[in-house]
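Read through the structures below before going on.
Look at the two complexes coming up: chain A is in both, with chain B in one and chain C in the other.
So, the complex of A and B:
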């Protein structure tokens, strides 16, 4: 029983770490620009497809492909910000909302045209399974967890310890004042999009390796990402980290101890409960 | 005299016209999942249909009376989705004006079509879609080659019990009629044979992480697992079950090709797994016609046909035989009656179990036998026939409408 309990925590943390990566991008963009960037899931899928293409067609290694895909993701983020969101930065919020929906369709369909309709699984050489006191841990899942932890740690350091991170936090707190202090808010927007999209792509590659990249996967991913945002608090980075893990583990527990039929229902009930009891989110109010 | 001669020649030419068969085109609609989760069935099914059409066209087409019809398809992607499938059927009938529709790999799309097609002027020849309602609704204009899920499910439940399994854990897709009907029939037959189901766990349409459900099943320690759903999800379930160290027998129902499974799981993770399904296309069992089909399919597409391809392939020959026997391409009533009394076409790949000598029963349903296939050294190996009864099921089908 205790082994199953620990196994479910491990299962939940692996999936939760991917939710966290998606939610981190969404929450930073929301924190800085107030945009609900629905296309984030499709950007993640694009990254997964791209990594697969780099590995299977160009014959690059797993790690170089992963890094190259993240760089391409960053570039795509900058392009999206400049072409799609920048022109409507002073327009009513509904404009960027509609643009976000349009972008989702454009990227999703471009993925279909460029990479086809089949599900794609990124090949990895990691087939070993470790067993620690009865809890089985496939090698690949351990690497997914570690990669996510490194990326989340790096992102936190970047935001907390660097000059550009300080600028991002300043813009998030008060955009006009940050501009008055001499921060180039336009570059900060571009930087945030680059960073978020790179993280999104990382999530896409991890999903592609652990599960599969396929049409239709991105919708579910964005819904889960926003659920994490609400759990953790809109715009909160620690919130996205804690929220992602909480959602992942809750889903695993819901399936194990209540009913797998209601797995998604239960995680959304949790979201509603947080909205009722602590509408600012689990971690909101702490450092942003 | 000259005038008379000219007249005679003209008359002779006119009289000769009907003797030369006119080349005509018969537009046939095609609705199937060409993208999304159902595409693993829909795309191969489309390829098989295209192959059959190519064969018929190059052999001269369909001879109806004095005319020779070459088949041309008008195709749309229904994404295995009920709304899309309804739109596609409307488009095909109202805008493109087709009278014959092929395709339907999946229950959601096929079920949606069957819910309203009875009142339309069109004949639908369904391939792989397994939801019972597609034929049980009793539409006069719907014919299907694939037997419904519960026909096979009941046989599978008896088979699992015969293997000495006393307790069974089930993991199955939540809301696809083919799989839920199969699963419910399996549970009923398994429990009637004295078995006990310890837990019924489910997953959703886009889920690929079943570790939570499998961990729970592992904790309950049943004699065997039964896993059913679309190929990709079942393949992930088998991979994750092996990763979780689950050692018990694993039965399943999905009908995927070895290539499709090996994209997700390794050969070691699949070794010994059972797939319990209608004896779909399998070149080793079905003889030389089937081997020729594999060769032609491979030559054209550079890959092996999936097990479900034959359902749709056979339907194209059903259409040809029915039109030739009816001698019309427009009198739908007559074509329907011909279909209802049609013997199995000689080109058909599958071994049908005719009901009263006819390919389709009163509800337009055809039957084939069910078999147990076991994964052995990277391939599905036919091991045994499942205990199934087509006549009894056909009688049962008469009594239901859902």
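So, the complex of A and C:
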């Protein structure tokens, strides 16, 4: 029983770490621009497909493909911000949401056109399975968890410790004042989109290696991302980390002990419950 | 005067349409467009007038469709009765969903309703003993025929069903117009403009918001029932979050917070993907592009933009806002 319990916690943390990656991008974009970037899931799936293409067709190694896909993702993010979101930056928020829906359609169908309708699994050489005190830990899952941890750590350092990170936080706090202090708000927006999309692509690649990249995955993924934001509080990085883990573990428990068909229902109900009891998220103090 | 004749012309055109256009496929699209306009009009109440973007219209459409179909098939109720009860069941579901979720605002509300849509979808897929899951419910009966003396309306045929949906839509449009013009409509728009201020003026906003949410859901429920008995077959697919997103697009495209906007927007969201049927995949990309372009260049929607244009052409630049 206790082993089952630990096993599900491990599984949940692995999946949760991917949710965290998705949510980090969403939360930063939301914090800076107030945009619910619904197309983020499709961007992630694009990354998964791209990595698969680089590995299987061009024969690149796993790590170079991963990095190259993230760079392409960053570029895509900048293009999205410039072409689609920038023109509506002063319009009501619903407009940017519609833009996001349009983008979702475009990216989703471009994925179909470019990579076909079949689901693909990114091949990895990690087939060993470890057993720690009865808990099964496939090597691949450990690497997924580690990769996610490194990326989340890197992102946190970037935001907390560097000059550009400080600029991002300043814009998130107060956009007009940040602009008055000489921060180029436009380049901060582009930077945030590049960073977030790169993280989204990373999540897509991890999903592709762990499960599969397929058409139709992205919608559920982006809603999970938003669920994490709600659990953790919009615009909060520690919130996204905790929220991702909570969501992943809840889902794993729901799938193992209640019903795998209804696991998403249970995680959404959790999100709705949190929203009603603590609308500011699990992590944020009552102050604001 | 100008407005009244325009409305009369539009209604007349809608009545004559199936007599002129006899291609079954176009009639089929017209029926779907009428049904979807109803969903869009519902979305317009909560989104356009009240300012709360709900991404759950598809789910409510599904609840309406499944409850009407199941009432007529499992309980053997007359189809007319089940089509009348289905919106009420949807309304009950909307009260349960809306009471807690309307406590939050903005993006939170949108995301919660989206999650609710996914919950309903998952239940429709997984509650196999009731809904038969993914393969769907086949052979849903058409409404019983009505004998008008000189002609019998058999609703398994397209043309009578077209008139049925048209009648339902006209009734819906009348009710919506009355609501929007009433005190309730004023309050809803006040909530959209400034909820805190409305609350401070002594209005119990939550009642009005709940009303708007439930009303919009029951319109979607009615549309769902009409859809189910028209198609004769339903599965969960058309009631996914995509349908809700389409309803939002319809409102935005046509012009949110206008009475005529959803007519145009709802019809376009059904017809546009069909008209762009050059190549199956490209059309959805084009659809996405059109959406983005409309939002960037016509942010108030097509109807207000066209109204402005018409006003300018007739030389009176003065009034004609987004009424």
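Structural remarks
Basically, the second predicted complex is superposed on the first by the 283 of 288 C-alpha atoms of A that agree within 3 Å, B and C clash if a C-alpha of one lies under 4 Å from a C-alpha of the other, contacts with A are read in each partner's own complex, and residues count from 1 in each chain.
In this text, a residue touches a chain if its C-beta (ideal position, glycine included) is under 8 Å from a C-beta of that chain, and two chains touch if they have at least 3 such contacts.
Since this is a predicted model, take the numbers as computed values, not measurements.
Applying the stated contact rule after C-alpha superposition, one finds that A:261 touches each of chain B and chain C.
When the shared chain is aligned, no partner comes close enough to touch A:68: not chain B, not chain C.
In the superposed pair of complexes, A:91 makes contact with chain C only, with no contact to chain B.
Of the two partner chains, chain C is the only one that A:275 touches; chain B does not reach it. In the superposition on chain A, A:227 makes contact with chain C only, while chain B stays out of contact range.
In the superposition on chain A, A:110 makes contact with chain C only, while chain B stays out of contact range. When the two structures are aligned on the shared chain, A:215 is found in touch with chain B, with no touch to chain C. Within the superposed three-chain model, A:60 lies out of touch with both chain B and chain C [touch as defined at top].
After overlaying the two complexes on the shared chain, residue contacts for A:101 are found with chain C alone; chain B is out of touch. Contacts of chain A with chain B, set against its contacts with chain C after fitting on chain A, overlap at residues 112, 220, 261, 264. Of all residues in chain A, only 1, 4, 7-8, 11-12, 15, 112, 117-119, 121, 127, 129, 131, 136, 138, 210-212, 214-217, 220, 251-256, 260-261, 263-264 touch chain B in the complex they form. Interface of chain A with chain C (complex): residues 30, 36, 84, 87-88, 91-95, 97-99, 101-106, 108-110, 112-113, 219-220, 223, 226-227, 229-230, 234, 261-262, 264-265, 268-269, 271-272, 275-276, 279. Taken together, the chain C residues at the contact with chain A in this complex read 47, 53, 100-101, 103-104, 106-108, 110-112, 114-116, 118-119, 122-123, 125-126, 241, 245, 248-249, 252, 256, 281-282, 284-285, 287-292, 295-296, 299. Residues 34-37, 39-40, 43, 174, 201-204, 206, 208-209, 211-213, 215-216, 218-219, 232, 236, 243-245, 263-264, 266 of chain B are the ones that touch chain A when the two sit in their complex.
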